[in-house]
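Below: one structure, written as structure tokens.
To keep things simple, chains are lettered A, B, C, D, E, F, G and H as they appear, and every chain counts its residues starting from 1.
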Amino acid sequence: MNLPTIRDLLEQVHSGAVAVPEAEVRLQQFLRELPFEDLGFAKVDHHRALRQGLPEVILGAGKTPAQIAAIAGRIVARGQSLLVTRTNEEAYQLVRQEVPEAEFHAEARAITLQQKDMEPGHGVVLVASAGTSDLSVAEEAAVTATLMGNQVDRLYDVGVAGIHRLLSAQNRLTAARVIVVVAGMEGALPSVVAGLVRVPVIAVPTSVGYGTSFGGIAALLGMLNSCSNGVAVVNIDNGFGAATIASLINHL
Amino acid sequence: MNLPTIRDLLEQVHSGAVAVPEAEVRLQQFLRELPFEDLGFAKVDHHRALRQGLPEVILGAGKTPAQIAAIAGRIVARGQSLLVTRTNEEAYQLVRQEVPEAEFHAEARAITLQQKDMEPGHGVVLVASAGTSDLSVAEEAAVTATLMGNQVDRLYDVGVAGIHRLLSAQNRLTAARVIVVVAGMEGALPSVVAGLVRVPVIAVPTSVGYGTSFGGIAALLGMLNSCSNGVAVVNIDNGFGAATIASLINHL
Amino acid sequence: MNLPTIRDLLEQVHSGAVAVPEAEVRLQQFLRELPFEDLGFAKVDHHRALRQGLPEVILGAGKTPAQIAAIAGRIVARGQSLLVTRTNEEAYQLVRQEVPEAEFHAEARAITLQQKDMEPGHGVVLVASAGTSDLSVAEEAAVTATLMGNQVDRLYDVGVAGIHRLLSAQNRLTAARVIVVVAGMEGALPSVVAGLVRVPVIAVPTSVGYGTSFGGIAALLGMLNSCSNGVAVVNIDNGFGAATIASLINHL
Amino acid sequence: MNLPTIRDLLEQVHSGAVAVPEAEVRLQQFLRELPFEDLGFAKVDHHRALRQGLPEVILGAGKTPAQIAAIAGRIVARGQSLLVTRTNEEAYQLVRQEVPEAEFHAEARAITLQQKDMEPGHGVVLVASAGTSDLSVAEEAAVTATLMGNQVDRLYDVGVAGIHRLLSAQNRLTAARVIVVVAGMEGALPSVVAGLVRVPVIAVPTSVGYGTSFGGIAALLGMLNSCSNGVAVVNIDNGFGAATIASLINHL
Amino acid sequence: MNLPTIRDLLEQVHSGAVAVPEAEVRLQQFLRELPFEDLGFAKVDHHRALRQGLPEVILGAGKTPAQIAAIAGRIVARGQSLLVTRTNEEAYQLVRQEVPEAEFHAEARAITLQQKDMEPGHGVVLVASAGTSDLSVAEEAAVTATLMGNQVDRLYDVGVAGIHRLLSAQNRLTAARVIVVVAGMEGALPSVVAGLVRVPVIAVPTSVGYGTSFGGIAALLGMLNSCSNGVAVVNIDNGFGAATIASLINHL
Amino acid sequence: MNLPTIRDLLEQVHSGAVAVPEAEVRLQQFLRELPFEDLGFAKVDHHRALRQGLPEVILGAGKTPAQIAAIAGRIVARGQSLLVTRTNEEAYQLVRQEVPEAEFHAEARAITLQQKDMEPGHGVVLVASAGTSDLSVAEEAAVTATLMGNQVDRLYDVGVAGIHRLLSAQNRLTAARVIVVVAGMEGALPSVVAGLVRVPVIAVPTSVGYGTSFGGIAALLGMLNSCSNGVAVVNIDNGFGAATIASLINHL
Amino acid sequence: MNLPTIRDLLEQVHSGAVAVPEAEVRLQQFLRELPFEDLGFAKVDHHRALRQGLPEVILGAGKTPAQIAAIAGRIVARGQSLLVTRTNEEAYQLVRQEVPEAEFHAEARAITLQQKDMEPGHGVVLVASAGTSDLSVAEEAAVTATLMGNQVDRLYDVGVAGIHRLLSAQNRLTAARVIVVVAGMEGALPSVVAGLVRVPVIAVPTSVGYGTSFGGIAALLGMLNSCSNGVAVVNIDNGFGAATIASLINHL
Amino acid sequence: MNLPTIRDLLEQVHSGAVAVPEAEVRLQQFLRELPFEDLGFAKVDHHRALRQGLPEVILGAGKTPAQIAAIAGRIVARGQSLLVTRTNEEAYQLVRQEVPEAEFHAEARAITLQQKDMEPGHGVVLVASAGTSDLSVAEEAAVTATLMGNQVDRLYDVGVAGIHRLLSAQNRLTAARVIVVVAGMEGALPSVVAGLVRVPVIAVPTSVGYGTSFGGIAALLGMLNSCSNGVAVVNIDNGFGAATIASLINHL
């Protein structure tokens, strides 16, 4: 029973074609069985990506290039913007056959296509990274944030072992509305950054390192235990997730 | 807007006091704002304990004796059966002032009052334990299952270091409809039990042990890695939880 | 000394061919050395799979396709139903040469052959999964449960990030006699499901995820710490094990 | 050498009292030794709390009541707002002797005094919690956010075991500008909340639970592995930290 | 039906009072129901301690002094030797009222009474310890081994930080038949000892240390990863267990 | 200065060719610099393998087939028995070119050559294993023990899920002088075995399993927490190490 | 047989009172049994503390005040300097009765007495700490280093959340010969410090923090994964150990 | 504004071309915006390697041979010494095309070129290793230390299972100014070494081992819990890092 049907029912009640008690039973039945997608908030599901200002996202890891290309084709055909994460050149070649205008971001390991103008964010999303080996995760964040309509400033290789590199960028830090900080190893950069600004810092631990880095756990713990205020953390290597929350903040 | 109101609305539609388009708008509004407790499944919440055949449960840990007594009083006043877990003698003395008929189970660290007949389970819930130190958790399971309307058979101290003790109880194992197995240390008992029966085994690791028992992790891992079919596991020391799922099974 | 021999001995005692003291010694010797498979419960071993309503199972992981095919051939020759788990297309091609009627379930990574009617379960085993990446484990559970004689209902991709998808299937949840819930990442689905039903929920954590998912540990811990009653847990990715215990429950 | 001295030096250069090369050497020396607190950003330190819109905070844990009272007295004497976290009634009695107007929030284990109007946030900070045992951490977040000038909406006891309780508050969720979600045990609430809204969700794992909750690690992992977009996480039990970042977001 | 009954039955068969088929049925019934304690190996249980050359042992931890005293009294009344581990002076005072001849070993935290001569071991059990803080566990091992009939040599405070202390005791090491090595911190002593002898080394990690000793895990891992041949390991602080296996070896 | 040189020095002292003070200085110098291999116990090093009744062992893992063959050739040339562990067929083909009589044990992944009679052990070393997947580690233990001069009894596939298989081998268990028990998954077999015998049990956890077996940690913890007396544990998959200590025990 | 005996023996050889073969036998015997403390390096043991420029140290944790006082008395009676770590006021009162000149360092939880001039170090040992809660461990390091003869500079509360505090002390950092850096929470300070200097940095993680600080593990991992060169790490809270190695470096 | 510009400004002030107040404003502006690399300590960054007596280092892991060769070419063109770690023969072949004089150290997996004389260290850096499998990490340390201008003594294969091998090298241990100790498995060697010397010991755990070695964690914990004074630890397999700090110490 969809909403037109409700009008039909009401019309029938009004005309007397359906008695009130019978109509009441049918409405109660309807309330119990109502497919949730018919309710207001059910739109969340079918249009969640849109609603949150996000493109449609394909997690490339664990999918074949052919699968990625097929899904990408369908997304673009619906007029949606496209983002494929954790993918590679090989998948891109197949995607390009379906979506010729798609772009490949090698460092970010991402494929994108912007099909319509996203609502622009209010300020700058600054993506800072500690070392050159964090570049891939940082670029995933930067490419994602850009596709979501944000102006992105990249501040790379400002790790704490040479602290003045970060300090000399104080102006760019201060100019940002939200900062994504990507760091592996000891994960100390978010603490230092958050001590210098008064905007939210989203910290992304990376799996860079060896031995006791434990695939990013050391960095994760460092970030969760930050002695600075204003730091929140996402999963290891989750550049996409950090960009998503940063974009939500930047669009408030 | 509650269900009588729907009838009112329908009456008004029928009488023409409210026009169909206006009625449709009000119904759609109603669908969006409908408090979930008015839907069928919303009864889950207010009556979940009842619906699942469970008594009302108070987790005693972290509550003062006075708090426990007050909550217990209200539960009993509503006519519900009562179960307080992880409590002690001191709390019982206060509860008794509110609920004079309440019973204290020292070994199980539980207070109970059965106010009405629970629907009886179809068979026997057997509670087996490995050692004397697992007794408290085993008793929590046994007392809980009893209160939920199950016939309970206790088979204690049948740890695998003296395997024939278990084997000599083969008949009781076979007679059970579902078996709760409580064990600490290496947690091997559920594997052996499940190899002897064809009914579900709910395994409860206990925090009994020292050093590498790691507060029950060794037993938990042993149970999750059981080489026998038909074993599922609950949280460490969670005798209550095991009894609950056992009771659900026994009431199917 | 087998049971016929006991009769022989008794005959000889009766006839006087063997004196009573000598017979007593031989019987005591017999009691000590009695091969267990001669006792009633010893049949458990040779016929355990049968007895528990299970097909013969080959864990494909760690075996060569040739080994799998050989074992499969012997199982089928004995008239048993066949289940190979964690296998692949390559093994299937070899198995088919031995067992032409065997079926391959690509998503479940399983090979099956039902040779005789299993005793049917009393109700429906519902297999729910959180995301598309949990599909393989969910299918292992569904295929296993089907082979064990259960009617299986699949409810996939109802993760908690879009909660209404699950809610709109309330009727199917309520109709199940036991529910297997498969989820990776944060493993929250079993808690939500168990809050909506009054039947046992068997939770299967999957190794889906990255970083702090730790190969399924995050999901496992989420399930063990479920705030809902009626949840028990099996090993990570153990779809087979969950189906087995669900089938035991469904056959009670 | 302070800034007035620079002018003196320049005057001397102008008058010829100091030769240019000598002045250059003295300026270079000055640049090397310049105390950082004389630079613009050095004010960060002395006024960081103020600058970030935060009150002065005393972490009560590990300090004696007398120490807390003494520090609180000095803070209030400077005209600052006061926040003492992780404290207790005993400390409050001493603080009250120094700061008679201070308030004690028993559930939040916090002492506060608002001495001047904080800059109001732009929207509502909603603090949601899963269970009654998460109350203390949730209240720490709520009290902190209030003191920082935010309008706070409390939505407590909406854990996923009774999902409709959360769903029926859809309007309040949607009305928030940023949401702090506090949960222990399996930590599933943030995933469900983030699936219903398009604002940032700051997740706080709590140490509520036993056995495999591992003092909040289970909840933490659940939150880091959220299948929903827009979730970032702070340290276990860190209600204060979550409120701080939420306040930063709400003041953007 | 006990063994005399078998003779009765055989007599009746012989006399014809019971027919052979009837006797066969009764014997088969007997085989199925036979309480395991009537079988040969069932004696394991009731007499296991005796059979393994062990005294009766009470684990004092988690028992009240009154409980310990009561159990100790019953053990001694049965003529058994007595060993209470992980106990204290307070329990000893109560035990002494039941068992006046019992001895208290303060360092070992043990109470003992030797009631009959144990079978002597064939050689010397040497108990070596690394530091003075391992003394308690080492003494538990030494006292246990002594009570089990072994000649015990104590070689304490020979940690690897002063390696010559160990080397100067080469003769005593060589003279032992089995060596128990007790060490906390890095747990390196067993490796060095095993490199100097050709007898089995039973390693006992202790919970001595702080920080990354993790309550004995560091020592445990050190011992499990010993680069020397001939080292096997028991649980953390399990001096009793090490002595038991050493005694078994020494009695071979 | 070797021992013959001491005699030379003494002769020179005796003849007066070297004065006593000069001789004393040279002897003291000798004591300080004495290469340890010249002392009695220094033979440990060069002859340790021999002294402990062990063959020369090559750990194949991490070595190329060519390296293995070269080392094997030198060992055999010295007249030593040979044992290569963790190796493969490919290495064996190269070894055979150097040592034509060498044998390959495919299941044990070992290459052996017995060049002289080892001192025979006093009894039987029984190697028990829980499942077929533990076979490789069990065979490494069995092959090693055999090469070290022990009579070996293999009792495989007696896991606790079918407990009567183990019980029916009670005689063989009782006949052993030392028992090596190899088990993965929950690692429960050593506890059950140790409860049935009065000889030492050396437990070997294996990395068999998946998910929460954590590469053998579950089994390791199970064994360290054994509720039976007389169990000591070696590293995961260390069949060689278990055989070595079992052989030491069997040669006492 | 001590060294004078060697001369006696040589004299007897010279005089012919002992024949050369007999003397050789006795010397060989001597070499085998030689107590190591008679060798040159054996002095390590009896005089190790002295030799390494360390005072005699009593680890107070786990000792009664009476025990501490007794040991302290003996140390001072031997003329040694005294250091008691991890102790308290109560122990100090007893120590003072034995050693009236002993000093108590409340923050460092240490008791000291310098009885003779230590060899002075060549430069300054700088002890830096991140926060006020690291003070106790930092003071343990500072007090220890002072007692070992080092000039100590304390630079406290220079955590990375307010980075300019550290930078403004650049001169003191540069002036140090070795730096001990004490930090809890994320443990980021050593990385920043090591990036600013060219001297060794000894990092001490502290157990300060809560939740995911895991008693100092987060800080430890941060330090082990430092992105800066020149950082080495000691155990959690091991201020004493850091001071010891810093002192060794400063005395080179 | 660079330093020449300061002189220009001063000249203008002196000549009156710029008024003093204007000059003051420009200088203050300069102080705020001053690129840090223009300050004295900013040279740290561009010349940090030089300043710390280190060559330029390329971490080979994660870089393609072509990338390595390109970077190496630029480093050598700047006249810097070159060190590539964690690299291989293939990369070397490409590097040689850019830098013909570069050397490859196969065991150390390093490529080096010394372009100018490093400042020599004051003493010997001894690199000790426990087993042959630690060779690669030990050589990385030795090659690094050599390139940094240190005299290096290699003492390999002196693990604690044959302790006299280490003891016989007492002289070489004593002769060193700083000792790097590399060990896997139980990681006991640093404790023994530090007990024999009075110089700093830098311990490097290696990932050698299997099962419970956990990729070097066992060795790491052993080293952090060393019972000897004077041991500090670096990350697992971090031979380069150990050599760096050892070189800093040796150049003090």
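Operating definition for what follows: a contact is a pair of C-beta atoms (placed from the backbone, for glycine too) under 8 Å apart; a residue touches a chain by one contact, two chains touch by 3 or more.
Since this is a predicted model, take the numbers as computed values, not measurements.
Where the sister copies chain D and chain H meet, the same residue numbers recur on both sides for over half of the interface positions. Among the remaining chains, D is positioned farthest from chain F, on the basis of C-alpha centroids. Averaging Cα coordinates per chain places chain B and chain F 51 Å apart. Taking each chain's centre as the mean of its C-alpha atoms, chain C lies 39 Å from chain E.
Touching two or more other chains at once are residues 39, 41, 44, 48, 162, 167, 195-196, 211-213, 217, 220, 224-225, 229, 235 of chain C. Taken together, the chains touch in the following pairs: A-B, A-C, A-D, A-G, A-H, B-C, B-D, B-E, B-F, C-D, C-E, C-F, D-G, D-H, E-F, E-G, E-H, F-G, F-H, G-H.
Residue ranges of chain D in contact with chain G, taken from their complex: 33, 35-37, 39, 41-42, 44-45, 48, 61-62, 205, 207, 215-217, 220, 235-238. Residue ranges on chain H touching chain G, taken from their complex, read 41, 44, 48, 51-54, 122-123, 167, 170, 177-178, 195-196, 198-202, 220, 224-225, 229-235, 241-242, 244-245, 248-249, 252.
Taken together, the chain F residues at the contact with chain C in this complex read 133, 162, 164-165, 167-168, 171, 210-213.
For chain D in complex with chain C, the residues that touch the partner chain are 130-131, 159-163, 167, 185-188, 191-192, 194-196, 209, 211-214, 217-219, 221-229. If you check the complex, the residues on chain C that touch chain E are 3, 6-7, 10-11, 13-14, 16, 20-21, 23-24, 27-28, 31-32, 34, 39-40.
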